[in-house]
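After this come two complexes, each holding chain A, first together with chain B and then together with chain C.
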Partner chain A sequence: MLNARTRSRIFQVAAGIAAVSPLLVLLFVAGVLFVDAWPAFKFQGFSFFTGITWNMGNMYASNPIVHNGVEGAPGATFGILPFIVGTLGSSVIAMLIAIPISLLSAFALVYKIPHRYARWISSAVELLAGIPSVVFGLWGMVVLAPIVANQIGPWLSHFGKVIPFLAGPVGSGFGLLTSGIVLAMMVIPIITATSRDLIAQVSKLPIEGAQALGMTTYESVRHITFPLVRRGVIGAIILGWGRALGETMAVLMVSGNATNYLPTNLYSPISTMASTVAALLDGALTDFSKLSIHALALIAVTLLIITMITNLLARLLVQLGRRDVGTEA
Partner chain B sequence: MDTQAESTLTIQTLPSYEMRSYRRKVKSIAIWSISFAALTFVMFIILDILLSVISKGVPGLSYNLIATQTSGIAGGLQNAILGTLLLIALSALISAPLGILAGIYIALYAPKRFGAVIRFFSEVLAGIPSIVIGYFGYMVMVLQWGMGFSALAGGISLSIIILPYIVRTTDASFRQIPKSYLEGAIALGMTPLMAMRTVLLKLATPGILTGVLLAVSIALGETAPLIYTAGWSNFDPNLQLVKNPVAYLTYVVWTYLNEPYHSAHQLAYTAALLLVMIVLVLHVLVRMLQRGSSKHA
Partner chain C sequence: MTNDTVALDDSIHLTESELLELEAVLTGGIHLQKTAEIAKETVIRVENLSAYFGHKQVLNHLQLEIKDKEITALIGPSGCGKTTFLRTLNRMSHTVPGFRHEGTVNVLGQDVAMVRDVESFRRAVGMLFQRPNPFPMSIMDNLTLALKLFGVSKKERVEIAKAKLDEVGLYDDLKDRLHQSPFALSGGQQQRLCLARALAVQPKVLLLDEPASALDPKSTKLLEDLFVRLAEHMTIVIVTHNLAQAKRIAKRTAFMEAGEIVEFELTDKLFYHPNDPRTRVYVEEQIG
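Up next is the complex of A and B:
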């Protein structure tokens, strides 16, 4: 029988080892990806990020071509610009929709909705955050895509004379706009909940004081709450953006899966980096030279780096934002 | 903080001669009205998603759904339901002990700097897109380690995704407890382990449970990390955890919608309904736990 001190020591050591696990897993995942991605980068160089053509080549041939010391299938060329544009385009559309809606909702929830209703509404918003992405995808396919094809698209295309990017043809409803709207619905709960928590922490006294001095409720929120939560809210927005960048399934289901061309208008089919990895991994396996798999790893690495940067920036800003409103010393 | 608020006020002084004019009142009302509209829109979307899943999914509910396995594009979902449960159980079995221990360590025992470092990397891990984990799982576990499409490869992939959430919630629920509780217990002669178990654990339990439930609900809805690790099977899962593909609900939603058959679509809708229902139940449980714990604190 061990004495209490020893048991405590053993427990602490075990817990300490467990505590390193997230770090080890992260290093392992990142390490594997980087090693896997390297041959593709050597083969293609920086044109990987600027090329428009993604062609895995003749994967069943037996005469590999050699480029920069790396073997690839004949005709293989890997350019992911369309995927980058698809990822950025859909996520930017999502943010354009989500930011105003989320922030206005968050302010209304804290300042205008009576407490007992606000609790229910917040709970519903958090439920939205928990809905699986395939269900968003299903909703996008079954409900949203027809609306985009028949109502939103034709209406927006009237503005095509002013902004050529909005002009038709509207297409099937599967594409950039639908992806953006579905992503917006997925990030709205993230931005709303995070900013609502920050706003709720702001001390009520200065706001009441401002109103007593004659400010309208809008002015008091605009000039007192908003400057205090600004940093944190920007953090919440970037957090949502990171989610939109990395989302796979919902986009895969509504994007129309385009390869090898850049979107010509708001309704063009697209592919994102994440959805491409999911869609092409199966096929890439048949590549005898294994280069296609390395190329997908390079997409994954690119995505990993982008989402890591956005996430870190977001966490940092939210943290600082909490300090601004005084919840964390 | 007060000084900050004051300085904000002085910098952005409103023209004080302007009385609370009609125009300013209208502006305030207009902006709040738009805010209400935005909130109503969000509520409408939530309702629309729930109602469309329910209205499409309910016709497919029957006893056969849980009693039979998928065959081709028809049949029931027994294999997928059991498979999802198995995958969740595996991922929770791996992540919960690891994540809770890690959370306890960084909240209570870790040197401040070390705790901050782990928290930081845990957040980084949480930010990795799930398809990247899927790729990793496929290349390393399925191919290199020879697990094949299997419950274990899928479960480990999911556990990587939920680990940071469990670490975060455990850490937060222990840090919420005033530091003096731990210090007092140790001053009375308890070991750090005894202090944690007898004094702190009870207070932190609702928070930890909340985290595990949230993690389960995340694992339940994931698809991207499973496509290339769990595979798909028309048969019920069994205890052979490697080299034995396993079915899961989100796969049904994703693939069967693209099939040109009505029966396949119905299965997809019903699978989505089941997912939403489980998420809803977990959500209510989490809410109840949170309310219970806020009463104690």
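Up next is the complex of A and C:
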């Protein structure tokens, strides 16, 4: 039998490895991605991020072209601007829908809905967070897309005179708006559950004080609870935003898979970065020059960087908006 | 020397009652308030009040009249329903799911069960809680937030805030840090800030739920003096576990036990000559 000292030693080493492993995994994944993506960046340069045309070239030819010292299939050119726009556009729409709904449900669950009902609704919200994305995608294809094409789209297009981006044609229902709504459905449970837990932790005492002063529930929530949970709620929003940016399957099923095309209105077909990687991987594997694989890796790197930038920006906003009072107490 | 006047010297003649009053003035305003018995208006009238949380009855047929410009204390063992009763007076009990009441509770001429505009009603019936509960914002904003929401102009609300802060004796200490967090203040200061905040919306009735139970003796004394002064122009109801406190500041005291009012009397009478044996037992045990 091992003695206590040895067991303690083993525990310490194991705990240490476990503690640093998330960082190591992140460094490893990022490292591999960067190495893998590098030839594509060398081949295409910065036009990779600004180009509209994505063409993996004639992958069955045997006469590679050489550009900047990198071999590629004839005709190959990689521009991912439409994917960047599609990713940001669909996630922005998702957040516009999800943030108000999530926050209102979270506040209602804590303050307005009687506890025994709130428990059931909370479980439902958590269940919603666990639904596989392919299920959301299927729902989007079968149920949502026709509704967007036949009801929501035509109705919204009336506002096209004021906001040109809302004008028709409404199209097939597969595109930016449908992707945004599906993403919102997937993000709402994340933001709701996290914010609800935060709000429930806020002391009831100042809320009672506010109500005793003659403030309405809305006023006390707006002025007392919200400032206390604002930072945490923004954290929850970042979490949801990250999910929307990286979501692959559901978007792939409802986005319309547009390539070489920037969205012209709210209903245009799009592709996101994540869904493009998934959709094109199979084809890219047949590229004799391997350059297409490197290009997909570079998309992944770009997504990683965009996610990190939006994260940092959001945190910066929180820092700037932070007042010297309140949240520290 | 005649029967009804006392000659202090050749020039001043006072009636006996005038002399009593003079004595009262000299020995302090509190005494004056206790002796000068004027017919006062009833501000809170409770008739046959029973209250329930779900199926559990917490108040049983309460009967009580609370007069204007007086301090009325509610005493009794923990769980006797004093706080629930107090919170029924400004409808805070009603925010608890499952709460309901029977009988009438009339506050400032309004039946609390019938109040439609709860916000205006609560503005007239202020409340101070057991633990200080400043809002997570600057000291000044604590005082002005409600006024701002009620549409008072900025200049006016800052003036009110400073006046109320002065009234509770905090202005001199805090005038240079009005834009700082209230959480750095001592418990007593925080509680006085909360009192100033409650006073800023000009309530006519002030409900105090063990307002000094979390405070040290010095802060308690400061608060008690404030309550006595405030009672000159408003009605105060205080729930307290501190019998000495009730004795010090309350004109009348109600002793509650198991959801009932056992006895409601002038404070001195209740403490020194209680009618009900239950009151006697409680008072003697508490004082020891």
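Everything below uses one rule, namely that the second predicted complex is superposed on the first by the 303 of 329 C-alpha atoms of A that agree within 3 Å, B and C clash if a C-alpha of one lies under 4 Å from a C-alpha of the other, contacts with A are read in each partner's own complex, and residues count from 1 in each chain.
In this section, a contact is a pair of C-beta atoms (placed from the backbone, for glycine too) under 8 Å apart; a residue touches a chain by one contact, two chains touch by 3 or more.
Being a predicted model, the structure only gives us computed values, none of them experimental.
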item: Residue contacts with chain A in the superposition, chain B compared against chain C; value: B
item: Partner chain in contact with A:143 - chain B first, chain C second, else both or neither; value: first
item: Touched partner set for A:216, first chain B, second chain C, both or neither; value: both
item: First, second, both or neither for A:208, with chain B first and chain C second; value: second
item: Touched partner set for A:115, first chain B, second chain C, both or neither; value: second
item: Touching both chain C and chain B, counted on chain A across the two superposed complexes; value: 203, 206, 210, 214-216, 219, 223-224, 227-228, 324-326
item: Residue numbers on chain A that touch chain C, as the complex places them; value: 114-115, 203, 205-206, 208-216, 219, 223-224, 227-228, 324-329
item: Complex interface listing, chain B residues touching chain A; value: 1-2, 4-6, 8-9, 12, 14, 19-20, 24-25, 27-28, 31-32, 34-36, 38-39, 41-43, 45-46, 48-49, 52-53, 56, 97-99, 101-102, 104-106, 109-110, 114, 117-118, 121-136, 138-140, 160, 163-164, 167, 191-194, 214, 217-218, 220-224, 227-228, 250, 253-254, 257, 268-269, 272, 275-276, 279-280, 282-283, 287
item: Parts of chain C lying in touch with chain A, wherever the complex brings them together; value: 90, 92, 95, 97, 118-123, 126-127, 129, 131, 133-138, 145-146, 149-150, 180-181, 183, 194, 197-198, 201
item: Complex contacts: residues of chain A adjacent to chain B; value: 4-5, 7-8, 11-12, 14-16, 18-23, 25-26, 29, 32-33, 36, 100-102, 104-105, 107-109, 112-113, 121, 123-128, 130-139, 141-143, 185, 188, 192, 203, 206, 210, 214-219, 223-224, 227-228, 242, 245-249, 252-253, 274-275, 277-278, 281-282, 293, 296-297, 300, 303-304, 307-308, 310-312, 315, 324-326
